[in-house]
Amino acid sequence: MKKISELIQSSNEEVQLVLMLSDVNVKKTTSGDDYASMIGFDGIDKIEAKIWNFSDELKETLVSGEVYKVNARTKQYQNRTQLNILALEKINESDGYDLSMFYEKAKLSSEELAKRINQYFMKIDNSILKTIVSVLLKKHFNDFFDYPAAVSMHHNYFSGLAYHTYSMLKLSDAYLDLYDFINKDLVYAGIILHDLGKIIELSGPKGTEYTKQGKLLGHISLGYDEISKASLELGISDTEEIINLKHIILSHHGQLEYGSPKEPATPEAALIHFLDYNDSRLAALENEIKKTDKGDYTQPISPFDRRIFYVPNIKY
Amino acid sequence: MKKISELIQSSNEEVQLVLMLSDVNVKKTTSGDDYASMIGFDGIDKIEAKIWNFSDELKETLVSGEVYKVNARTKQYQNRTQLNILALEKINESDGYDLSMFYEKAKLSSEELAKRINQYFMKIDNSILKTIVSVLLKKHFNDFFDYPAAVSMHHNYFSGLAYHTYSMLKLSDAYLDLYDFINKDLVYAGIILHDLGKIIELSGPKGTEYTKQGKLLGHISLGYDEISKASLELGISDTEEIINLKHIILSHHGQLEYGSPKEPATPEAALIHFLDYNDSRLAALENEIKKTDKGDYTQPISPFDRRIFYVPNIKY
Amino acid sequence: MKKISELIQSSNEEVQLVLMLSDVNVKKTTSGDDYASMIGFDGIDKIEAKIWNFSDELKETLVSGEVYKVNARTKQYQNRTQLNILALEKINESDGYDLSMFYEKAKLSSEELAKRINQYFMKIDNSILKTIVSVLLKKHFNDFFDYPAAVSMHHNYFSGLAYHTYSMLKLSDAYLDLYDFINKDLVYAGIILHDLGKIIELSGPKGTEYTKQGKLLGHISLGYDEISKASLELGISDTEEIINLKHIILSHHGQLEYGSPKEPATPEAALIHFLDYNDSRLAALENEIKKTDKGDYTQPISPFDRRIFYVPNIKY
Amino acid sequence: MKKISELIQSSNEEVQLVLMLSDVNVKKTTSGDDYASMIGFDGIDKIEAKIWNFSDELKETLVSGEVYKVNARTKQYQNRTQLNILALEKINESDGYDLSMFYEKAKLSSEELAKRINQYFMKIDNSILKTIVSVLLKKHFNDFFDYPAAVSMHHNYFSGLAYHTYSMLKLSDAYLDLYDFINKDLVYAGIILHDLGKIIELSGPKGTEYTKQGKLLGHISLGYDEISKASLELGISDTEEIINLKHIILSHHGQLEYGSPKEPATPEAALIHFLDYNDSRLAALENEIKKTDKGDYTQPISPFDRRIFYVPNIKY
Amino acid sequence: MKKISELIQSSNEEVQLVLMLSDVNVKKTTSGDDYASMIGFDGIDKIEAKIWNFSDELKETLVSGEVYKVNARTKQYQNRTQLNILALEKINESDGYDLSMFYEKAKLSSEELAKRINQYFMKIDNSILKTIVSVLLKKHFNDFFDYPAAVSMHHNYFSGLAYHTYSMLKLSDAYLDLYDFINKDLVYAGIILHDLGKIIELSGPKGTEYTKQGKLLGHISLGYDEISKASLELGISDTEEIINLKHIILSHHGQLEYGSPKEPATPEAALIHFLDYNDSRLAALENEIKKTDKGDYTQPISPFDRRIFYVPNIKY
Amino acid sequence: MKKISELIQSSNEEVQLVLMLSDVNVKKTTSGDDYASMIGFDGIDKIEAKIWNFSDELKETLVSGEVYKVNARTKQYQNRTQLNILALEKINESDGYDLSMFYEKAKLSSEELAKRINQYFMKIDNSILKTIVSVLLKKHFNDFFDYPAAVSMHHNYFSGLAYHTYSMLKLSDAYLDLYDFINKDLVYAGIILHDLGKIIELSGPKGTEYTKQGKLLGHISLGYDEISKASLELGISDTEEIINLKHIILSHHGQLEYGSPKEPATPEAALIHFLDYNDSRLAALENEIKKTDKGDYTQPISPFDRRIFYVPNIKY
């Protein structure tokens, strides 16, 4: 098995690698045949790859986000090595392979995140809010702690769904401490459920893509729906608590033009929007800063309108 | 009983009128007592009115949008006559009064609109769409044909909910005729249900105000919710039809900044947005044009960014 | 004669094809010589082509939008076949060639469109409006029924000028039926003339480009000018009808930022803007939807801010 | 005859004044009778006035922008004196009255402006441009040197049409001197004609209002029309010069959202837009600065987004 | 001495009150004499007041934001009592009066805030940052702990400058805890100095107004200047620390359109902008929420685009 | 020595050229090694160049904006010749080479510009303004007359800093002549100093790049700082003159969104913004127009939102 870094100058050489394949894009040649382009990732580097004879069998085998043993021929194109894939075979963890290098994980494990988020859940006193959170967390337990918070393959710029949720909970304590007019129960429940709809909006933790419901309805409406249906079954649909919780879900993007059909109109909704805004941006920033030397400039950072940041060269 | 037009120069005179009272606004005097200001409407003209001794009894009696026999003293203020209300007594249709002059009605009666909308409903072939429309229309039957399409007292600038729905259905036929790639069933079902959430967003056909759910969730999310809950009970939640219908509800305002959390992404959603946009604006325009002479200019028209229109002076 | 689809893997082969050449772009090599790049279209597929020895004789022969018998050498570039054109010879319908496959036509023939638009013209009762429409249609008769409605080669996203005009006339009837405060004569005349300026803004039905007047003045001002000059000759310059008609032309893009120097300020101008907006977008949408399978997603669609649409997978 | 300044505390007193009446606004009392409100100006101060018995005879007599001998009764309202007009009689210069105090004039007389603008006209070498300017100036000679450049009564914030034109011509010389790639003939011709349409857009130099054509078509399209018609008669319609001149008229507001249907796309059009922008703003600024002491702040200034300016307290 | 609440119906009565006078506005009557309008505040209620005979002696005595013993005559105007002030005499704390009721204070005393902010200052390890903060705090010590954070008299919507600074410091700890890539020293120093320029931008803690430098230069540039000058004297002008600190001051409004000449381009600048944004909005929100009952709606809140908030009716 | 124009078809040939190298961009190959891409300019044409073995020695030798004797191998890539640089040696004017062809100069020499700007400086009467301009011009004398006005290598679109300053001074005279309410001393001083901060924002006249201070603080704040520090030393910090001058520097970009923390609020600041806006755009326009034939269209022009201009084909 080769690593991508060994192929810098390689041309017209047949090689074998273990690659996670993603961003699979099926196009047509001018003659009307299908071919596929994709990104291969060996746990360290990425490489562009193409499949020219994209047989029906290959179409079934190839699933974006999965890891494969790949047979390919190298090619130099625009000063970069590319792969023309000749054959591929899926690799499974159940076959004894360690695939952990292919998936970027949050700083804390799923178990640890579950434990910590549970501690916040335990602090909710209001029984209606406690019940709805409990029911929905139970319903989606596995997904909630595995899902990412955004579409992307390996280096997503946002931490995973649960880590993002936990970060917001932690930050919220500083605000609740300073501003006693804000209802802690609504804040905790609202944070835990604010991005729940992403479990339906996204296809899963590997090779993450938007689902049809994700594209047509979006995670805000999907999460709102989850609360609506669960509260209907619990007989608490029209309670003050559920209406407030729904308002938080709807408004957490803060502005209409960011996809919230209502702007925050309660203190708790305003705070949760602030926390979501801050944490998503700082996580993306952290990701880039950690790749950059002190005294140097980062690459453009998407959630900051692609602005470039400078890393101060100051001793701590 | 006097009419408002008889009070032009009246001052410090005690008078009796039958008035619909609306836009009730309770404020505090500098001494901290409550007083109320409101608009009185006698079926033809409007007049400002105040209640200075706003007793608890009066507070219970006074409901915005209802009609009262009013005892008041006149007053000249800024070249206008005002009323200081001394006493009021509610008037009911059940007591034999004809109150029809107080409520602007659509050009067609509720019964006629029900009949005509039903004809479109009958043309829906797809059974899932037919079922969901049937269930929801039945659930909200009375409200659907009585509700207005917007907050306002007497001269609301939009036609009633059902008339607006019917107008869009009628206009849609011209488009379906010309563009055969658009699915008629989705269009009919989508139009009938697109503003259903207004029944929960607004308080009712008289003295219409936004409800708490209206303010915090809005008619788009409330209507989406109705479809969601009904389809859950019918066991058709995840069908292609319901997802498409939900997308239509969410996107019918056309742009994020107008409160749609998703922009139209199917042909039917695009068409319904166009029809809603055109019909709501043309209805407001009609309202003003009909009050204006040929060759003259209208008052500023809200849904056209308060632009002033000119009425062409051309023979038909 | 080869077809483009036969050249997928072809390299350094001399071939002959019949191609419509368009998007001709003359550039300079670093040595300062002219070369030309263009798109070739064989009635089914497109291919990029270059002329490296771009002699003066070739410059005279090559006209964007015309069809040629082409001698060329194939080349592989970035996984696509390109042509280096060696020689070309113009092909004319007058020589007995059937060139219909090179030009996308509206769904109805010029003759049929002329007949149908005439039926609307006949319904205009106001004599001034009838006269001005008659004079201008007569003046531009051939162009009016041949011109496209927008710059593009073969697959333009808008239907031709006359088809777009006819569609708007048909849709207008539904509105005139529902809203009796709108003047039918102004609407019919305004629709027929609203895009007349495109006949001067665009170079013609083949290899359509913007003219100098198109670039510096635009079709709105050019169409306004046509009405102005014709009404001057007819002695009807300052009539209410002509002022209203001019206002419709100026305002039909609906907003200043879309190039209308005045926003609609009469009912007829508002309606015509709505119809123009709807029909141009739905025609572009139709074009893409028809190329896409049910349950699948379209390419980005320009007049919808390049949004991607989904084709509902629902039986009719 | 009284002056307004003598009426500060006057109440219920019958007085006679000579006033220019403007901003006439006819409204209806609640009883449906017409009354009129307006502004009276005695050459120094302004005062609000009303006519309660607005007879048909008075309606004919009262023309906005004219000067009257007025009989009225004073009234205190909100700490200000108002007039209730009882009778009025028109005053004419032909009757020997000197009305100059009622009309703010530009710094230079019409004659002087005509002379100075003519000097620029004489410098135009290109014969087509010289001809079109000559014909149009001749056609509108009197209006051109009398009209204001904007709607307003007495203290308009822009200098008159001719003074604004002359200022731009003077400023243009500094630019032509520095930038020799700009065509002087086009610049001079373009400046002289750029606001010609205002002669049709506005009602005249006294009591200036927008005309119907002004409201529906605007001075940009009206000026463009003048050039179009004159060049048609002169047989120079399609010359390079006329197309360029028309482009200048269309684009002189600089951006689509300010009502130009085309943005400047020639050097001369860009320059004329700059000059128009600068001169209109500096003239408005001058007007306010001259009313303000050094070291003090002005009132909000409209063309600067109602910003407040500070007058530096620095010796010259 | 009367209180304002005792004057509700009072008319033409001579009264004596102790009032803080603010929002003093000197205007001219139509006769050209000066008069003054202002707001009086007795520690509980506000009342409008006027001085008609505004003598030079009174002009000298009357300073916005000071407290006076006032002699006045009452008047009813538009259902409100007004005062016509006849005489006034300044009251000083040095004369033994307790004026604390006239000034809204932050939740913590100046002394307590100085102590708490000092604790953060002590945690700065970097010697350059520690020095500059120390020098500037010492220079402005009294003002820094007394100044408000915004123009307004009594009920300002923002907490005082020091309280806002302290709140941000407290909130910053939660972020520094979660995001270890952010430099704590820069954050603490940046927060303490970010609004320092307000000490020059605003006139002082009483009757706060913008100064001339405030209007022409603004607190961002004024604070930047303070750092610039102090670091010049300390000989540390071009150090990495000072450049970073200046960047934080310049960018803390987050976007160009909010008056920052640079947008945040370091992690610390981004964080400080977030904290400033959140804290200023939540403080304004707290102010309104505390005046509103549970289940009720607030008045429009300025820093939230004048949106109305709802106070959830949920038990804590 | 070869010229670039001789290499059009050259491939795999070893050549020697004298090139100014700029836009140096160091990237990493997939194997992690550094390589450099850059632009070579021989005084007439430009060519892309790469250094694949980018040794530490080469890294030290290669400075963006310097001129080198270059050894390279040619390569054909995408129909263009590229260079792979094998070795390079710096060339200095001190070694007798004439490098003037590599640097585009303003139309006037530094000496001439110094003389002409000095004439304006001499016309300043106010002693404070004269002093501050004198001190700052002296401090930065050499840089001020050498620096460019913007980042770019050879064909910068703006004239040099001093030429731009001189042009604005010349244009200002026409305005001062017409508008006597504007203070000439403030205008002259403000123009001379308005872009002074660019001397710190940019790295120098050759291979111009943004400095760290340029990126984090910007030329507006840097220039403001220069005035602040000089006036502190001169003991004139808080004079009316210096506050006004600082306001001019801060506001000269005219709008917050263009990086001015304050918008113009004095007549002089407004005028200087207009002059800066006009001159920077017309200079960019001149640059493109001079490369374009009459009757033809330019390339997109950046400061005009990348619009394309037409060059009128009119005889002068």
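Letters are used for the chains, namely A, B, C, D, E and F, taken in the order the chains are written, and counting of residues starts over at 1 for each.
By our rule, a contact is a pair of C-beta atoms (placed from the backbone, for glycine too) under 8 Å apart; a residue touches a chain by one contact, two chains touch by 3 or more.
Just so you know, these numbers come straight off a predicted model, no measurement behind them.
Chains that touch both chain D and chain E are the following: B, F.
With each centre defined as the average position of its C-alpha atoms, the distance from chain D to chain F rounds to 42 Å.
Residues of chain C in contact with two or more other chains: 212, 215-216, 244, 265-266, 310. All chain pairs in contact, by the document's touch criterion: A-B, A-C, A-E, A-F, B-C, B-D, B-E, C-D, C-F, D-E, D-F, E-F.
Across the complex, chain C is touched by residues 29-33, 50, 212, 215-216 of chain A.
Within the complex formed with chain D, the chain B residues making contact are 4-5, 7-8, 45, 47, 79-81, 297, 310.
Against chain A, in their complex, chain B makes its touches with residues 212-213, 215-218, 220-221, 224-225, 228-229, 232, 243-244, 246-247, 250, 256-262, 265-266. Residues of chain D that touch chain F in their complex: 125-126, 167, 170-171, 173-175, 177-179, 181, 183-186, 240-241, 244, 263-268, 270-271, 274, 277-278, 281-282, 285-286, 289-290, 295, 304, 307-316.
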